[in-house]
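After this come two complexes, each holding subunit A, first together with subunit B and then together with subunit C.
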Partner chain A sequence: MAMGKHFYYAYFLIKRLLAQLLASIAAVFTRLGLKVLASGPVPAHIAIIMDGNRRFASRSRIDKRSGHVLGYERLIQTLDSCLKLGVKIVTVYAFSIENFQRSPAEVSDLMELLQDKLDHLVSKEQLVRSYDVQVRILGDLSLLPKGVRESAERAMLATNNNKSTVLNVCIAYTSTHEIVQAIQKIMDERTQDQPHDKFITKEEIDRNLYTGLCPPPDILLRTSGETRLSNYLLWQCSNSYMCFCNALWPEFSFWHLSWMILKYQRAYPFLPRQQRPSF
Partner chain B sequence: MSKFPKKFWQDKSPDKKNQKRLHCVASDGNVGYSTSNAPADSLSSTSEASRLWFVQNESSLQHADAMSLEVGRRVVYSSNPEVTCASESITHSCAQIERELNPMLMPRHVAIIMDGNSRWAEKRGLEPSSGHEAGLQALKNVVGLSRRWGIQVLTVFALSTENWLRPKMELDFLMNLIERGLQDELSNFQKEKICIRFIGNLSMLPESLQSLIAFVERSTWYNEGLKLIVALSYSGRQDILQACQLLVAQAIDGLIKPEDITESMIDDKLLTTLVGEMRNPDLLIRTSGERRLSNFLLWQMAYTEFYFVDAFWPDFGELDYKKALLSFQSRKRRYGSRL
Partner chain C sequence: MGSLWAAFCWRLIHACLDVVYFFSAIRLRLLALCWAFPFFVQGEEACIQQILGERKRLPKTVAIVLDSEEARHGKDKVVVLLWWLKKVGVCHVSLYDMEGLMKTSQHVLEDNYSLSTNKAERVHFYHHKGRSKELIETDDKGLSKTNMSNLFCVTDKTGEAPDKHIMLVELLSLEDGKEAIVRAARHLCTSAQKMRVESLSEADLNESMIESGVGGPDPDLLIIFGAASCLFEFPPWRIRLTEILYFGSLKNLTAPSFVSLLNDFSKKTHRYGK
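Up next, the complex of A and B:
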């Protein structure tokens, strides 16, 4: 009986060691892959539409909330890979104004999740500290419930002084709404400075959008195989390279990311000159 | 192992398990319901239609309008490849239906970025001007196909503001080509009732072309058929900017309050407002394999489906167009109510 117990322990030990070995081999390959990718042009700004959480949940027979939690974890992993690669700005589409039309139960679940994860992101994620990430929440925060709004403001305040990299999270955002609020901001400035100046420029609109002084995205990625923008960064993406990936967001792995970067690098020589990021 | 999440490639289309024809719609609008494998029997006595379409659920039959029709991923489901009906006039096979376009699911507004003329010519060792000539032929073909298939608005991106940086000789040739094209096709437009309109910064074009454009627009103003919108010297950002400019001017004049500005106000001021409620394209096709919008119809493409073709524009023919439309017809459009 004692021999049996020893075999039992040995079996689990070996299994754990093997898992660690495989993980370290995978990590070596990942680092190698990142070095290979970094030898070519690397995008400075990636925009991501994280689509497919609910479809993943229904396929895996788990509930939708868990699907979104897995989506958040996938976001952290993807962000880690992107920042290791040298990407400076990542903009993600978390919640659209149109999504408020979903069932109230689902919306309240999502709001609760957003609140939790925003607090978790800023207080407990190593990523934010190690890469000096400035977290910005883009969107009409007045449409959000009080808890989420306060979490968002706390997150922005806590990371305000981080200047190396930026994570823009679009919550309660649509691009058409963004342009309308940019005009309203311009009008507010006008009434104070030059009330009769009717002329507005592209730079003024650029400056007053939620993305502010960020350069336009170099890559726009949408997962889950849908090929549409769904009212995301319409003004900013006029010359971005658009990538559509068939994987659902919780399945989006480092290899999908590398494939996307490789496609971008292949298309890089044909991009308009002013769109090329300096690196 | 059953709890292990399935990879997406292992789970192609679960709906295929229960393939039963449930409802059937004839091309003349009659509707029949059946859960058997021969639904056509119920229709054979009431309609002489030559075509039948099968939709998966009843809700899709309530709206005849193609825009609001929402069907599953595949319109036709059948375990029985052949359908023969009692009446001889309705004899059709499901396999044939699958390969054809469904007129009820046609996009109302198709936008096309006609890219790749110069590269097409370079590949064949020709001058870029031959590429543009071939491109014009392809455009004529596509306009004819759109009219035949019942598309109501076709917007084509002929010249962008960024294209003004091209060599002067090429631009002169392009202007000449557009003039010749318009003069040759004017009688055709009148015959086929095509209404042609131009959007963009037309003041940058030569005077002769501007007056010809004005003449052609006036002549075809009241035509009821396909609306062809040609974007010449057009920039999507400039379009949004001029709409915002108009609203800012109105706000400064005190006609509207800044806090009352809405998205539909900007919609009404954009250059595509001339087609009314069909101003937003349902499908965008871009040729030559580029994956960019290149500053074309930015605001209007909020919910547009994209389709990218690797062929260059002069090679874009009926088959590519049909594939693009079939791809569009198989998509589920949610308009943002679920991201």
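Up next, the complex of A and C:
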């Protein structure tokens, strides 16, 4: 009996040690892999449409909320890899204005999760401190419930002085709404007597978009096999490398990221040179 | 020392990828050359008829984005592609390249199309000239100056067979992209200032784009031909929900690969945010 118990404990100890060893080896390989990738052109700005959380949840027979939680964890891991690689800005599509059409229960769940994760991101995530990440929430915040809006404002205030890297989170966002609000802003800044039309230029619209002074994305990634922009960064992604990945977002691994970077590096000589405001 | 090894590994990985893509390119080129033989013309017809027979969801409006190389050397293949698109029932094609080579070669495209297909009266090439909201007449076969919206998807109204309808080919370049949105925004703000309207909406900008003569249909499908999967500043306002498929070089386009693109398109589903 006692022998059986010792055997049982030894088995679990060995299993845990093996798992830790494998995780350390994986971490070493990830670091080496990122060092190799960084020998070539590295994108300064990556935009991601994190699609596939609900399909992953239904495939794994878990509830949708858990699917979104796994999506958040995947975001943190991917962000960590991107920042280690040398990417300066990551822009993610968390919630579209069109997503408000979902059932009220699902929208309410998502809002609660957004509020929770925004607070967690800024107060507890190590990588925000290690990489000096400025968190910016882009979108029409007036459409959000008070709790989420306040979390968003707290997140932006807490990381306002971080200048090394940027995480843009698009919430209550669509690109067409963003372009119209930019034109509205330019119109409002002029007085009644000044003719509006002379002040509207491509550069002025660029400056007044939510992404503001960020350089345009070098890569646009969409997971889950869909090949649409779904009203995301239409103006900014005009010259970006389009990468469509079949993996669902919670399955997006370091290998998928590496493959995306390798394809970008192969396409780099053929991509238009984008104008880069200094960052 | 570490970075030397990393650079070596990087070059090795890319060299391996170059070898793989090189053999893949040879295979695609050989396939394309085979399909170019007159012997295979019936096979092309059979492919197109098969996809029509399967009653899959096919696009009604298509956009084609060409990079500079493809726009310079691929006009013959573009004409073949337009013919295939017409066969499968597409009503409107937006043909785009950044430098406007398609626009300046409009007559070449028209002549090549009528030489190769003998059915020029069913395809109407046009491009925007800035402020006019009317079509530019390029032939006098009954398509007089009329509003854009009346000409979309004539098949739906008449119920004629897919290849009997008129297909519009819109030639676009860089000035029809962001610059067009800027022109529409200026027009919108001037009218808003005159009518003392304070708040603008997406519908207002849409309307203004049509008024300024830069509007057009949102493509169901956008195909990129070139060395990189990039939009090259294709008019951004129109591609909110467009399926974007990257093909590669126009030289490798064959009837089976074209049908394969349409098959990929037919499998896509839209959730519209829900």
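Quick note on the criterion: the second predicted complex is superposed on the first by the 265 of 279 C-alpha atoms of A that agree within 3 Å, B and C clash if a C-alpha of one lies under 4 Å from a C-alpha of the other, contacts with A are read in each partner's own complex, and residues count from 1 in each chain.
In the analysis below, contacts are C-beta pairs under 8 Å (C-beta built on N, C-alpha and C of every residue); 3 or more make two chains touch, one makes a residue touch a chain.
Since we're looking at a predicted model, the values are computed, not measured.
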For this session: Record, for the superposition on subunit A, whether partners subunit B and subunit C clash or fit.
Result: clash
For this session: Classify the contacts of A:Arg16 with the two partner chains as first (subunit B alone), second (subunit C alone), both, or neither.
Result: neither
For this session: Scan A:Phe56 for contacts with subunit B and subunit C and give back first, second, both or neither.
Result: first
Exercise. Can A:Arg31 be said to touch subunit B (first), subunit C (second), both, or neither?
Worked result: neither
Exercise. Does the superposition put A:Ile179 against subunit B (first), subunit C (second), both, or neither?
Worked result: both
Exercise. Counting only touches as set out at the top, which of subunit B and subunit C does A:Leu229 meet: first, second, both, neither?
Worked result: both
For this session: Considering only touches as defined above, state whether A:Leu262 meets subunit B (first), subunit C (second), both or neither.
Result: second
For this session: Could you look at A:Arg129 and tell me whether it touches subunit B, subunit C, both or neither (first, second, both, neither)?
Result: neither
Problem set entry | Which superposed partner A:Ser39 touches (first subunit B, second subunit C, both, neither) | second
For this session: Name the contact category of A:Asn246: first (subunit B only), second (subunit C only), both, or neither.
Result: first
For this session: Return the residues of subunit A at which the contacts from subunit B and from subunit C coincide.
Result: 96, 98-99, 101-102, 174-177, 179-180, 183-184, 186-187, 195-198, 200-202, 205, 226-231, 234-235, 237-244, 267, 270-272
Seminar exercise, completed: Interface with subunit B, subunit A side, in the complex: residues 49, 51, 54, 56, 59-61, 93, 95-96, 98-99, 101-102, 174-177, 179-180, 183-184, 186-188, 190, 195-202, 205, 226-231, 234-235, 237-244, 246-248, 251, 267, 270-272
Exercise. In the complex formed with subunit C, which residues of subunit A make contact?
Worked result: 32, 35-40, 96-102, 174-177, 179-180, 183-184, 186-187, 192, 195-198, 200-202, 205, 226-231, 234-235, 237-244, 262, 265-267, 270-272
For this session: Using the touch definition up top, name the residues of subunit C that touch subunit A in the complex.
Result: 2-3, 6-7, 9-11, 13-14, 17, 21, 67, 98, 177-179, 181-182, 185-190, 192-193, 199-202, 204-205, 224, 226-234, 236-237, 239-246, 268, 270, 272-274
Problem set entry | Residues on subunit B engaged by subunit A in the complex (per definition of touch) | 3, 5-8, 11, 162, 236-237, 240-241, 244-245, 247-249, 251-252, 258-259, 261-263, 266, 290-295, 298-299, 301-308, 331, 335-339
